[in-house]
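Scroll down for the structure; my scribbles are underneath it.
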Amino acid sequence: MANALSLADSGTALPFKVADLTLAEAGRHQIRLAENEMPGLMALRAEFGESKPLAGARIAGSLHMTVQTAVLIETLVALGAQVRWASCNIFSTQDEAAAAIAVGPHGSVDAPAGVPVFAWKGETLEDYWWCTQQIFDWTAEAAASGADWIGPNLILDDGGDATLLVHSGRDFELAGAVPADAAGDSHEYRVILAALRASLATSHDRWTRIAAGIIGVTEETTTGVHRLYELARDGKLLFPAINVNDSVTKSKFDNKYGIRHSLPDGLNRATDVLIGGKVVFVAGYGDVGKGAAEALRGQGARVIVSEIDPINALQAAMDGFQVARIESVVEQVDIFITGTGNLNVITTEHLLRMKHLAIVANVGHFDNEIDMAGLEDLAGAEKIEIKPQVHEWRLPTGRSVLVLSEGRLMNLGNATGHPSFVMSNSFTNQVLAQIELYCYPEKYPVGVYVLPKHLDEKVARLHLDALGVELTELTPEQAAYIGVSVDGPYKVDHYRY
Amino acid sequence: MANALSLADSGTALPFKVADLTLAEAGRHQIRLAENEMPGLMALRAEFGESKPLAGARIAGSLHMTVQTAVLIETLVALGAQVRWASCNIFSTQDEAAAAIAVGPHGSVDAPAGVPVFAWKGETLEDYWWCTQQIFDWTAEAAASGADWIGPNLILDDGGDATLLVHSGRDFELAGAVPADAAGDSHEYRVILAALRASLATSHDRWTRIAAGIIGVTEETTTGVHRLYELARDGKLLFPAINVNDSVTKSKFDNKYGIRHSLPDGLNRATDVLIGGKVVFVAGYGDVGKGAAEALRGQGARVIVSEIDPINALQAAMDGFQVARIESVVEQVDIFITGTGNLNVITTEHLLRMKHLAIVANVGHFDNEIDMAGLEDLAGAEKIEIKPQVHEWRLPTGRSVLVLSEGRLMNLGNATGHPSFVMSNSFTNQVLAQIELYCYPEKYPVGVYVLPKHLDEKVARLHLDALGVELTELTPEQAAYIGVSVDGPYKVDHYRY
Amino acid sequence: MANALSLADSGTALPFKVADLTLAEAGRHQIRLAENEMPGLMALRAEFGESKPLAGARIAGSLHMTVQTAVLIETLVALGAQVRWASCNIFSTQDEAAAAIAVGPHGSVDAPAGVPVFAWKGETLEDYWWCTQQIFDWTAEAAASGADWIGPNLILDDGGDATLLVHSGRDFELAGAVPADAAGDSHEYRVILAALRASLATSHDRWTRIAAGIIGVTEETTTGVHRLYELARDGKLLFPAINVNDSVTKSKFDNKYGIRHSLPDGLNRATDVLIGGKVVFVAGYGDVGKGAAEALRGQGARVIVSEIDPINALQAAMDGFQVARIESVVEQVDIFITGTGNLNVITTEHLLRMKHLAIVANVGHFDNEIDMAGLEDLAGAEKIEIKPQVHEWRLPTGRSVLVLSEGRLMNLGNATGHPSFVMSNSFTNQVLAQIELYCYPEKYPVGVYVLPKHLDEKVARLHLDALGVELTELTPEQAAYIGVSVDGPYKVDHYRY
Amino acid sequence: MANALSLADSGTALPFKVADLTLAEAGRHQIRLAENEMPGLMALRAEFGESKPLAGARIAGSLHMTVQTAVLIETLVALGAQVRWASCNIFSTQDEAAAAIAVGPHGSVDAPAGVPVFAWKGETLEDYWWCTQQIFDWTAEAAASGADWIGPNLILDDGGDATLLVHSGRDFELAGAVPADAAGDSHEYRVILAALRASLATSHDRWTRIAAGIIGVTEETTTGVHRLYELARDGKLLFPAINVNDSVTKSKFDNKYGIRHSLPDGLNRATDVLIGGKVVFVAGYGDVGKGAAEALRGQGARVIVSEIDPINALQAAMDGFQVARIESVVEQVDIFITGTGNLNVITTEHLLRMKHLAIVANVGHFDNEIDMAGLEDLAGAEKIEIKPQVHEWRLPTGRSVLVLSEGRLMNLGNATGHPSFVMSNSFTNQVLAQIELYCYPEKYPVGVYVLPKHLDEKVARLHLDALGVELTELTPEQAAYIGVSVDGPYKVDHYRY
């Protein structure tokens, strides 16, 4: 595969591809600091480091290759797993983290001894899908173990791309052919088809064999979970899935408190524009929008929210925000944030009506919340790079807009994503879910599951000491009065927190 | 029945018992203003006032007899129902509202023509259970319609007392006897037993007949719902129940935004003490605790939260609150608020360690969150009334504490409860639930149900215009992309808002 | 003097006039509780109760006759002063506090032994100016001391009415006549002229003699201070004045934190309307407006601010508020609050454009912030009393507005004013200012002064323990580094806090 | 002069010294974006670009050479001034801004045609004072104009270094000698003495002549202003000074809203640590501390404040913060922020008691708020660079602390300082102050002045449109009522905002 970047290809027994191995020391410093902020993962190492419940597990991981993910990867390894890793976004890799993971805690730049990782900041789409394929290629591990062939037996997914690849690859193998490109196909879909076409040319059952070996997948995004429920509904899901996204300690923490942190961080690093006093439009008042609105108000912005769900709209109003359609206010807004999970929330018509140098940024999973395709096709629009991931688009109106991270997740593209403590919650759920699938497969026939509430509570419990939280304990009398065990779980399943 | 108050017993065809009929005009003014703040109920009157879906319904209502409840009652009547009403708390009746409901919009003090209502502020427990019995006695209505006997066919409940009475009454009738008082029985339970003993002396099947006639009950409190689920689990539930409490537009609105309003209101009316700068302890960080903590911070207090659930505890910490056990901080706290749904959250040991003139108040449903029984039994403690519902307890330590509303719901006892707009959400759910049970009984076999999500969204939708909220509409393309109808419902059932 | 109210005229040696002496016990309870919340005043009693620096002082007090003022009055007495008191607003008296002050801590209803107080809730303007005159009539005290004639030697003022009366009375005596009513005179001004005309008919030098005996005045409102600076500028000021309003611990505490507490309190008691989700317009972003906006946001309102000063307007924007002219938003607003110190901020034109049942309330000193005179003259407008101090005005448009406290200070008229802790700050400044004038007259030639910074800091210091504040102490090295004494004062005079 | 960096010395007629001229294009992009955020400066260009009130002014500027300062410099040029520039901090230069200023809007890298600028990120102290001298050397300008000798006639200062150099240089010339180094002299003071010794060796009256030519200085920091008041008090001030720091639109905006933005920005860029849920200690509750506390609470931290001034301490308590001495809470705190203006606020004793990996950061002007000297001398302490401006100090206790920017201003060292909009307020004051001194010298005899209030209001006014603020206008009647002009100024001088 041709690659314009100068990457540190593995010249050793360890296969990997990262931007620059010499960043490993800097990455290791940050990993060490992050461990201090990830008490949940460190507690799992303490609890399970001896018993190694994941011994024998072979995990194909597709998740932003950041410093926090490095702590996750090394936790999985500490629990006995073998791991291969790719990022799930072309911009989100932190190259020093990837380097440190390749080198490993006991290796060196000259003798990397870490985990096979395939990720760098600024991949092309072709790079991206090449990397994603690498996490399924366990040739080296097979060789090392003397096996004829082995594949992964677990997927750890973020956004569902790894799961998609397995399902689509198998489908095309069963069909005997990859479909030709169709008129409406996105560029990315064409890249996927090309990759699978190349795969099919080499092997007629590669993905079929891989799919057969997978015990299950754990998935942590709204988007990826949505895909899983659709597969299950349509009877196409090939293996059990644990929906980590809907653990309370994930969706109500990562989505809300993570964005509260990383949204202003991304805005600041990208633009250095004062948030105070500005009018900011937040599309969507789900957990992401709630975190965004709180953060922006906390910086002195005036926040206007848009919503399509009357319940969330009413919540926004009760929280003191103006709730309006974008068309009613677009000319007054200084900064636009999308976090809806939907497409074309900001259209080219909206872009053309905005103030000069309005900032447009997305914190939803996909870049189609802003009609970037429409913008790229807009006659007379000109794109000027102010700095990486910050572009001024000069519009035919004579005004410009500033688009961050080309419409992709700006908190990852312009900042460093969600901070370690938040990710420790999400990733502790991931690890517990991997253990559930691997150790108790009988509990999980093919289908989509959430983690049982006592594990969700356990994740929270592991993060209290670090914040100095004193938990009150029920007396037996009190526990009996409300009909729960002293040790929990404490709430009915439909409780909303 | 002996009654120390001078009540306006009905001297007319209309049976009722309220404190003072001449308050009706003042009550009517407030009802008129409240209607402007209850757009959900008024919209139901507009939608269903003609078709009268509740024609034939006979509703026994047990719910705080406030101005807002008056609008609910008159909405039920506008939809065709016959109604009898009692309050569900001895202190929560607003006497002018009760008077206005008895007089009715078209009656007069001399010729009351409203709804049979049995409620006044400051009932004894004996009064209270007498009143509750009245809502099941439809003798007058039977007489008016020429029927031999009729009973209610629906219960609208808050806390479950009306439902309890029917179930217990029938149980004792089936057993042929009411149990004797036992050593550990509370005073209130003895009052109930006495009432049912008197009933059984008069009729051996009164409650059995009533129970047989009930189509269902709608219940709006956490506490009442908890009882219903227990009855259903034990196979003892006699008729279907709709759990209105767990509509999002109830639990996430009434519990949170209602308390946010009424807690500081109650504190202010009771004590006039500056909240700003004070240390306030909030026991429980559920929806009630979240609303309380937000309100108190908004007034400049420093809030310390206690929790037994690690997830809620972590939420409190992430929202910036200190989380501590009461024992660790009791000496520093100026104001204590309980809203846990549990008992003995504040014990006499805690009371004895508090600062001089610390304020102790409860916003949970029952008065046992504070150990009032223990306080009353405490040797050397003296109770001084500062004003109604505000008592200084001089403790043997030489210090005093101020207890509001004798440990009962202080937002009702010291203020006027949740404001109209919030109650409009809750009560619109109640009316929709009554319609569901009455018009579509086939959908509801015996069991406990929540309202379907589209009705929950409808409740929210009916409240948007009044707040000037502009709701964004999905395009068909967007709706298809996320797999929902343009008109909703928009979320999966486990979505937490 | 004819008085429609049934007042408890003194039938004893103690002259006073209050609504109902039997309220004294209730008032005493509240005074006792308030003392716990007024650590500054109690500390002054401890510091100066022995030395009695105000022995010989005869204080004419004109200040809202509330529970807090009762603690102030009894502090002045404890420091040796003789006191006579009237309220400075026709609605602001708390009748139980007035009764308790008349009865005194050691008197009884049958044998009142407190302070001569002339105040009741709901005075007419004629009553009001009669009461104000009584604080200057020391006939009874003269008789008791065997003196021929004595007058007060200090004024403690709020709003400047007592000071105005002395200056105007003396002016007219020097002129030999009170002017005739002129066409544009307000009703209140005519009442004042009538009172002074009656005085002049009795004595040609009453006010001249009183003025000559006054050592000085302490004044605590923006409005009253403004009058004093004008008098001083025009050379008409008759005695020195201490501007207590501009102590930091007054203007930045009472005005801001007091309103933050009492504004929502007044709204709640008057209307029970949910503040959350509502659009509230706050006219003026001075200290009062800042406190109002913070409180309303803390309750979940969306606040729109208006300002005439570009600096304050920019502050409002930087604090995240929309800043708009009333004309631009009047139709969207649910609640209007004025706190500008200016007149006609809300005109009849604005009133006619408001939403149905919009709430209109003033927290500025005078009732002309809202054009109440214009409203009263408006053809077709009808006034309906919902309850005392809450009026629905039906307008010719068919819509209504709710006006609180007839446009006067709603936090006093609809609630109980600022809470004790805030007032303790203001009143500790008042007492220190009275001591300054009385004990150190040589420091204060005729003119207007603020208290020296070390006294301002002392006021703050006396309030820290009650809030559990630990103050950090400068090391000598640190004090030298920033060029201050270890004990303060710590800031340059122009420091803005 | 020896210089380890590879700097772009001017090889052209334009004298300058910057890090890398090829950064000019990137700098120009950012300047262009900053202009959109600096409406005050752009409005001055519009108002005065024609009349050029600064024609003939020769300004020696010493102020952080950032993108925002670039807009300031080009505004001064647009108003007719000639300018030479140095940075006032060895770390604060943004090299791309310096390059763009050297190149100028119409020049190119090959033919720089901008302003003589002498600044780069990471100067040594020797570099720094060499640069500062260059802004007083107008040889090139003299040559261009054919003059024999010219010097600057205005100083624009930040921190007072430029003013110090002129005063000290002249003193030593008058004394005929520069003092020898003394035992207690800091390294920096020795560098200054060496520079002036070299100057005196070349010319006996260089600084005397420069001082004589200076019309005045404008100064914008608390620290620099403090020095000026001391010089004036001691009769040593050589020319008039305008204290820009105490304009409301500077101290209440830059200090408060600037920190609110740049403090979390600096924390995030330095550490990526989640702020939410953490315990943060903020030393000092002046404008800087208020901005810090608000920002941190807005991110979900629990903030503990320390104060030495009882008034500010009481404000902190009333704003809902715990107020404690550092000794009482040091073990619980995750992040320490100093912003007091004092020294040794955090001592080595405190550092040794902190949690492992506690973060220590300063936003006060000097690095001695944290006892960095003591830390460097601490036996057994080891310093590890995590990344530039982020150091882990391993302490003899076995725990580490993270120190940001070596104890210097972390918002400049770890982030990019205050954002453009805030700086536009500060710098508009600077430009107006330069105009005042240059155009109206008769108004300013030697002394220290603040800008008149109408100019302060003008600065605010110029920033309203950009935020969509609608300012309300007084009617003539209203203006008369409060005794001001319709156009302002609106407040008395001691008003605190």
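Every chain is named by a letter (A, B, C and D) in the order it is written, and numbering of its residues begins at 1.
Everything below uses one rule, namely that a residue touches a chain if its C-beta (ideal position, glycine included) is under 8 Å from a C-beta of that chain, and two chains touch if they have at least 3 such contacts.
It should be emphasised that the depicted structure is a prediction, and the values quoted were computed from it without experimental measurement.
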Copies chain A and chain B touch via same or different residues, half shared test: same
Chain located farthest away, centre of chain A as origin (C-alpha): C
Geometric centre distance via CA averages, chain B-chain A, whole Å: 43
Separation of mean Cα positions, chain D and chain A [Å, integer]: 40
Multi-partner residues of chain D (at least 2 other chains): 257, 276-277, 297, 300, 314, 317-318, 467-468
List of chain D residues in touch with chain C within their complex: 246, 248-249, 251-253, 257, 287, 306-318, 323-326, 328, 341-344, 450, 456-458, 460-461, 463-464, 467-475, 477-478, 481-483, 488, 490-494, 496-497
Complex interface listing, chain C residues touching chain A: 276-277, 297, 300-303, 314, 317-322
Of chain C, residues touching chain B in the complex: 26, 29-30, 33-34, 36-37, 67, 257, 260-261, 264-265, 268-269, 271-279, 294-295, 297-300, 332, 356-357, 384, 386-387, 392, 402, 415-416, 419-422, 467-468
